[in-house]
């Protein structure tokens, strides 16, 4: 049975990206991590120092362990300034540290996962959100994670997403697919 | 006389993006802000709450005031995971708050500025860094800032950038252009 | 009442992009032009010559006149090598000639139209077709045409598109929207 | 010794992309093919028909044989409507036919080549030409050709390219690299 994790990147509760992702995982018993509720320090790049990366006393390690323990990872983020939210970016930036932590086998484990991106934005999100879709393409390619697909919802004010028929259709379709997989 | 500001997004000192940007502004008396030395809280999206955005006790306001007081803004960032660094993204995310602070006239002032992006990365940065170039295109378009240009350097290990002839050529060329402008 | 035109860029009959576009315009009385049935000479760039562009004896003028006489233009193309088909590109390249033909008021008229892109492809069309989505964004921006949206269908073998639920959903939704508009 | 081929996609003689590419191959004894001087019929997609692709009586086969006999291929094209020229696209579209011609070993041979893209355009070519850079990325990836790099020159009127210092610098640098390789 496939284990599904949602990483929520929004800074506010019940935002559009959160609601859309919730619809994707409805009834799946997914693990939900709200990045805004955790302390994740921005990366301090120590790749080229003698001492290397040092342990950081924050919630990153715990979250990355959870991520590695799931099969399907859903990155749910509002489109902030045509990119993922800063708190989600801080999380992903830290992967550079995990890549160098041999005890994690980070890349190898990521290579067995499937990732989806659920994003919502306004100002022509379906056009201007495309660089973010492509950024994730490069990210997943680097860690050899399968890019299962993406959903771009349009919304600005609370609950706008609930009238975006296309996004809801895609969310429901992905839900059915994941149900099929998680039932296996 | 044009006033030039560099915003450094790297998490480490003397990194490749920093050296490349320093070459761009050599002799220009540019103001230099190292985002890693400042506390910038990730945005808490309060656009749709009754109380609206609340003052945050960190260094953001001071930096944004400095940014608004310059004519040319150089965004210098390493390409972390095919995007700008999380600390730079945290800074830009907060612009949403500034947009709603009428005392700033944020968008109007940004509309009179010219921005450049100086980025360095590896793993085919000149191809896989393109979504970041495009993201900045949408960002600057939104605030009606002129996108003066971008330089993509290739480098991973310290000082790699010093052998990237193309990036150095572009940096020197931009330096001459800015010298001409700042001399006016 | 809105007049709808479909420009089909496929080289074969009843291909996936054709079927998807047909579903978009079902019942709308749309004009249909199959570019493959027409002779359209590649552009010969004469912008910088003394004599300027010369009349070309082919079907281009007739098609461009039809295009200008419609309100909604649907560009239906298979994704060939991650771009529009060569025959559709040949047609669009010739717009450079029309831009210089004052009798057409080409740009002004295009500025009053809404365009949609319907494309089908395989090899991860929803990711690797994105440069084509963005190319059309720049094209429409240049002639100030409203970019109403795009549909990316996945299909390779004949009729694959008929099982792409997402593409069919989008096609039906766009059909309803256009019906609403054409009924006005 | 490396054999270099330039495929010129411009519709006019001595255009900017041609001059820039000529600078890239100066002194290299490169083979030069001007696509505008050849008859290349747009692809007729016969992949899914019983008879399959049929021989076409035009210059395509001859050109593709020459391409396969070289080690380095330079695609030189003006940016027409934010893409490669229609005549170059017609040529590439036909690769679908070559892929199915077992006598060619098309993909295998392409996998041993290195390709460069030399493009010139105006209207912010260094930003709006990026979808074309990405399209070539997908094209080369598909045929497993090494993407050696790209040069985006800015130019509209004849000889504009001769004052684009950056493009000339890149052209000269690539020339030196290719000289080194062809001398081996």
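Going by the order they are written in, the chains are A, B, C and D; count residues from 1 in each one.
Basically, a contact is a pair of C-beta atoms (placed from the backbone, for glycine too) under 8 Å apart; a residue touches a chain by one contact, two chains touch by 3 or more.
According to UniProt, the chain labels map to these proteins: A, B, C, D = Flavodoxin family protein.
Not measured: the values here are computed from a predicted model.
Novice: Just to be sure I understand the contacts, which chains border both subunit B and subunit A?
Specialist: Where subunit A and subunit B might share a partner, there is none at all.
Novice: Farthest chain from subunit D, going by the mean of C-alpha atoms per chain?
Specialist: A
Novice: Just curious, how far off is subunit D from subunit C if you go by their C-alpha centres, in Å?
Specialist: 25
Novice: I'd like to verify one number: the distance from the centre of subunit B to the centre of subunit D, where each centre is the average of its C-alpha atoms, in whole angstrom.
Specialist: Averaging C-alpha atoms per chain gives centres 35 Å apart.
Novice: Quick check on subunit B: which residues sit in contact with 2+ other chains?
Specialist: In subunit B, 130, 134 touch at least two other chains.
Novice: Following the definition at the start, I'd like every touching pair of chains, please.
Specialist: So, checking each combination of chains, I get A-B, A-C, B-D, C-D as the touching pairs.
Novice: Report the residues of subunit C in contact with subunit A in the complex, numbered from low to high.
Specialist: 126-127, 130, 133-134, 137, 147, 149-150, 165-166, 169-170, 173
Novice: Give the list of subunit D residues in touch with subunit C in this complex.
Specialist: 10-12, 15, 36, 42-46, 48, 78, 80-87, 89-90, 92-93, 95-96, 123, 128, 130-132, 134-135, 138-139, 142, 157-158
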